[in-house]
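There are two complexes below, and they share subunit A, which is joined by subunit B in the first and by subunit C in the second.
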Partner chain A sequence: MQLDITLFGIQMPTLLLIFVMSAVVQILLDRMMSDAGIYNHVWHPGLFRTAVFVCLFAIPCLLIYR
Partner chain B sequence: MNANNRRIVSFKIFPWQRTLQEWLSVDAPVLIYMAKSTIAALLALWIAMTLNMPDPRTAIFTVFIVMQPQSGLVFSKSYYRVLGTIAGVGMSLLIMGMFAQDPIWFIGFFALWIGFTTAMGLKYRNFQFYGFVLAGYTLCIVALPVIETPLQVFDIAVSRFSEVIIGIMCATVVSDVIFPRRLLDSLITSEQERFHNVLSTLSDTDSIFAAFDEANPTISRFSSGVVGLNATRVNSSFESGAGQKERQHYAHLNQEYMNLSTTFYSLKSIVHAMKEQERKEVLNALESLYSPVVSVLKTLPDTLLAPEDLNRIIRELLTVKNTIQVQLELDHKRLYESTHSAGEDEFISAAYLIIRLVNELHNHCATYLSLLKHRLSGNASREISRVIQFSTHTDNLLVALAALRGSGVLLLTMVFWLWSGWPYATLTITLAVVIGLLLGTMPSPLDGVKDFFKGAVIALIVAAVYDFYIIPEYTSDLLTLSLLITPVLAFIGWMTTRPKLAIFTFGFVFMFMNQLALDPYYKIEPTKFMESSLAALIGILFGGLAYILVNFWSCSLTQKRVAKILRTQIVRLCDGALNVERSALESTGRDLIQQFSTQGRLNMRSSRLVYEWLLSTLEIGRAILTIRRSIQRLYSHYLHPSVDNAMELIKSYFETPSVSGRDQLLSTLQKSLQELHSSPMPTEIGQRKRVEILIVELTLIRTVLINSETFPLLSEDSCN
Partner chain C sequence: MNNSKRAKLLRFSITFLVLSLAIFLGLMLWDNYMNSAWTRDGRVRADVVMVAPDVGGLVGRVAVVDNQFVKKGELLYQIDEERFHHALHEAQAIAQTRKSEYEMKQHQSVRRLAADDEIVSAESRDDALYDAQIAHARYEEALTQVETQKLNLDRSSIRAPCDGWVSNLLLRKGDYVDRGEKHMALITSGSFWIYGYFEEHKLSLIHIGDSAEMKMLGTKYTVKGHVESIARGISDRDNVTDGRLLANVNPIFTWVRLAQRIPVRIHIDEVPADLILSAGMTCSVSIIPTKSIPRSALKM
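Up next is the complex of A and B:
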């Protein structure tokens, strides 16, 4: 995949698009986990949340930079 | 040994314990917050510099804007900042693509957008307001600097968006990972405090039956914080750990609290009226009706409530309700056995309100117990299925005024730009728009502008020292730059924790970050620095000018406006849809008062009056809805034309209030009550209940109308 993409004629880094998409996925996942009460069993919910986001963001990034 | 003694002994063993505890609870959070905001800012600077962003200032500025002590606030503000930036950037691309060559269209469209965002900013609450502010001024930041070279707008738009994202990520991650402080915890604490407050107020007979005392703030204590607590609840939804169920519990508690405070106030004002007429016998009867509630609540411990205590209270309240009902019938017969006399109405209304108060208290306790259980074991005892919306009121006149001011200040600064031809005037426009957008919802915007100006001037001095002395002299790489700006960043962090310095800090951060040499390579020139500083300061002055010019709001105007809105509400309830929920009525009213008391320059006396009007309106509005619902379900042969007549008169009285209208309405209400009393009661239980409801509610309306002397007639001018 390319490192830059063109959206409506504007060239922008693919990272930005991946970021926005993983943020959306993260928000949905967060709602679900919070309603399921998963955060009550986690030592540091904030850190856990950040780690989940890092995974969501890093996996597609590694794929395009391979 | 009781708890106090134990504490004293432990203090003797560890003499520094109290000092340490105080330090931990008061000073340590401030230091932690300073460290957190500094770390987040440096992280943002480092990432932005490493990624070679053209303007790392935006990232670090974003950190300070969204950084708050509690994570929930940071998430909420960040979320709306992202949305606002997207809208602003999108609009910049659109406007530059369409009108870059055509000044008239460009300025016209620009002014419309700024007017729209200012108006929307006023319409929406919480940080949604901030999203609109950002959508407005991002247009200035992205579109104006490239007006000569329109094609660069794409680069600026993408880089601006990336920088904002970097700043937001740094702020949210740092605040959620390092020593997180959750908004939900403060929500729980305030809910606990409020619940205890309710119980202690209601367990004191004097809080209802003692005379009104201007100095005794029972009423205001019983009614504060509804809007604020709702905002906290909304913002806490961004945090981890607050399930939907828990948030629904909070919404219900807030709603029940509003109902309780309305009932409490109505009861108190009826009692007050009786006190003035010195009707001791009736008052004693009412007090003895209420005394079982007091004796139940008095048994509660002062410390934190356990679910078992609450369970017991809830059971006892149910029994108390039945006792009161029986007692009421006995008292009624004893006091008014022979004929229908003048004071009977008030007695029935007050007794009915006591029963309603007990009912609502019972509900409130049950919901609170359910929340406690949910928090302790995850099993709520109450199934809450109904979603309560906190409705808000938007006053079109206030919104129109704000839009006029926003567009006006933009056009004024645009004229200044065209007239002077000064390249830096774009900064003037940006600053004026920021001031016009951001301070519009403050109680006294002019003072805010002054604070902002002071902060900006001091920031310019500090930035000058950094730009021309410290940075060129001592920095060689990113590390030294970070070390050198750390003290100022920590200082800004400290200022953010001081609520009094809020606007001053904002001015300081805005100007400091605008003028500090944080470019990927050093390129500060004295002339540029001076000119852009001057342009920004002129912009602040223009913003302040807008608040002086478009500002014809006054105390008496606010009173008239509020009274008119409340009257319209009642009129609408008289003939509008029947599916209005009491919760919508209550929250809209409270939001309305909150809005006007920050914007409308009310003094102490008049804000108390306005609050009383609101509560009368809520009581009358609720009664009207109940009456209409009962009429709908009543068989036609039990209906009395005089009730319909009374409803018509209520409507016309609130449409055009007059002294003669009031007299006529009161006598009609009296007449229809007499008719209801004298006609035979239905034998069927359901129908009988509805007729009783009609009597009670009509009596209540009549009592409220007699007691409310200043509304809707506005007979007193409390503004002088």
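Up next is the complex of A and C:
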């Protein structure tokens, strides 16, 4: 996997792209989880959601920066 | 009552589990991103010979075009050689004169030596001998002049000092070039290397001999190589020597400080067949650690 991506001749770290993508996934996941009522079973929804986002972001990044 | 307690425990444990996973992954990513030997700041470099003429004059002919590949010894440009032909003829004529002079003095000397003391004084005999010696030296001087003029004539054709590519050719026929003035850049073939500018804290992760992978900007190409050397000095931006040779220390010391970047020279081992490498290209450099030479073995 590339460490950098190039958009219109601008080089940027792949992390940036992953960040945007994981944000989209997070929004979808958030909607699904609130529909399923999972947030009723967690202690602190805000903290839980942040933690989920960190996981979503870190896992693909770790695949690149091994 | 018991049920609600269990539900509470479940709520805590789910959150705690996800949170600790997030912290673990986050730390791991931080460590991998910040503390592994890679940089996005890599540049392709090459040796450039600045071709300058050994003699000055008008450019009579430029024998190459921009970006042309030339072999060692191939003509690059020709300085108008008429002047050098004349100079050579002049030097040859002078040499001829000096030769005749020398022969004359030689004869004179031989004749005077042969004559007896009553006809020629000892003094004039000595003089004749020394005159002949001087004439000989002057003749040799003239011969050297001829060689010099031949060399000048030869050097009026500027030839490639090595195999390479002519770059950014701006020289045109009719330009006047001075001796020693650089007019043509020649990128030496096979001299390409890569400079990876690594943050100082990453240097301890890099060892000479480690293999390296370079991803060229915006392409799928990967160039392979190994660490050849690490620069042992960069300039100190906070201390530029002033006009009187005193230290000029910058009094602004920032709270946020940036790591200095140290050039690490990477020898290129393998280039994809269809990739044209140009000096100045950008790449990302990753070092794959192989503990080949222990750091303690190197003189620090």
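A few points about this structure:
By our rule, the second predicted complex is superposed on the first by the 66 of 66 C-alpha atoms of A that agree within 3 Å, B and C clash if a C-alpha of one lies under 4 Å from a C-alpha of the other, contacts with A are read in each partner's own complex, and residues count from 1 in each chain.
Throughout what follows, a residue touches a chain if its C-beta (ideal position, glycine included) is under 8 Å from a C-beta of that chain, and two chains touch if they have at least 3 such contacts.
As the structure is a prediction and not an experimental result, all values here were calculated from the model.
By the document's definition of touching, both partners, subunit B and subunit C, reach A:47.
In the superposition on chain A, contact of A:4 is made with subunit C only, not with subunit B. By the touch criterion defined above, A:65 lies against subunit C but remains apart from subunit B after alignment on the C-alpha atoms of chain A. In the superposed model, A:35 lies in contact with subunit B only, and not with subunit C.
Of the two partner chains placed around the shared chain by superposition, subunit C is the only one that A:55 touches, whereas subunit B remains out of contact. Annotation for subunit A, partner touching more residues between subunit B and subunit C: C. Shared contact residues of subunit A, touching subunit B in one structure and subunit C in the other: 11, 13, 44, 47-48, 50.
Residue ranges of subunit B in contact with subunit A, taken from their complex: 71, 93, 154, 157-158, 161-162, 165, 173, 176-177, 180, 240-245, 378. Within the complex formed with subunit A, the subunit C residues making contact are 7, 10-12, 14-16, 18-19, 21-23, 25-26, 28-29, 32-33, 36, 38, 40, 215, 217-218, 282, 284, 286.
In the complex of the two chains, the subunit A residues touching subunit C come out as 2-4, 6, 9, 11, 13, 15, 41-44, 47-48, 50-52, 54-55, 57-59, 61-62, 65-66. Taken in their complex, subunit A has these residues touching subunit B: 10-13, 16, 19, 30, 33-35, 37, 39-40, 44-50.
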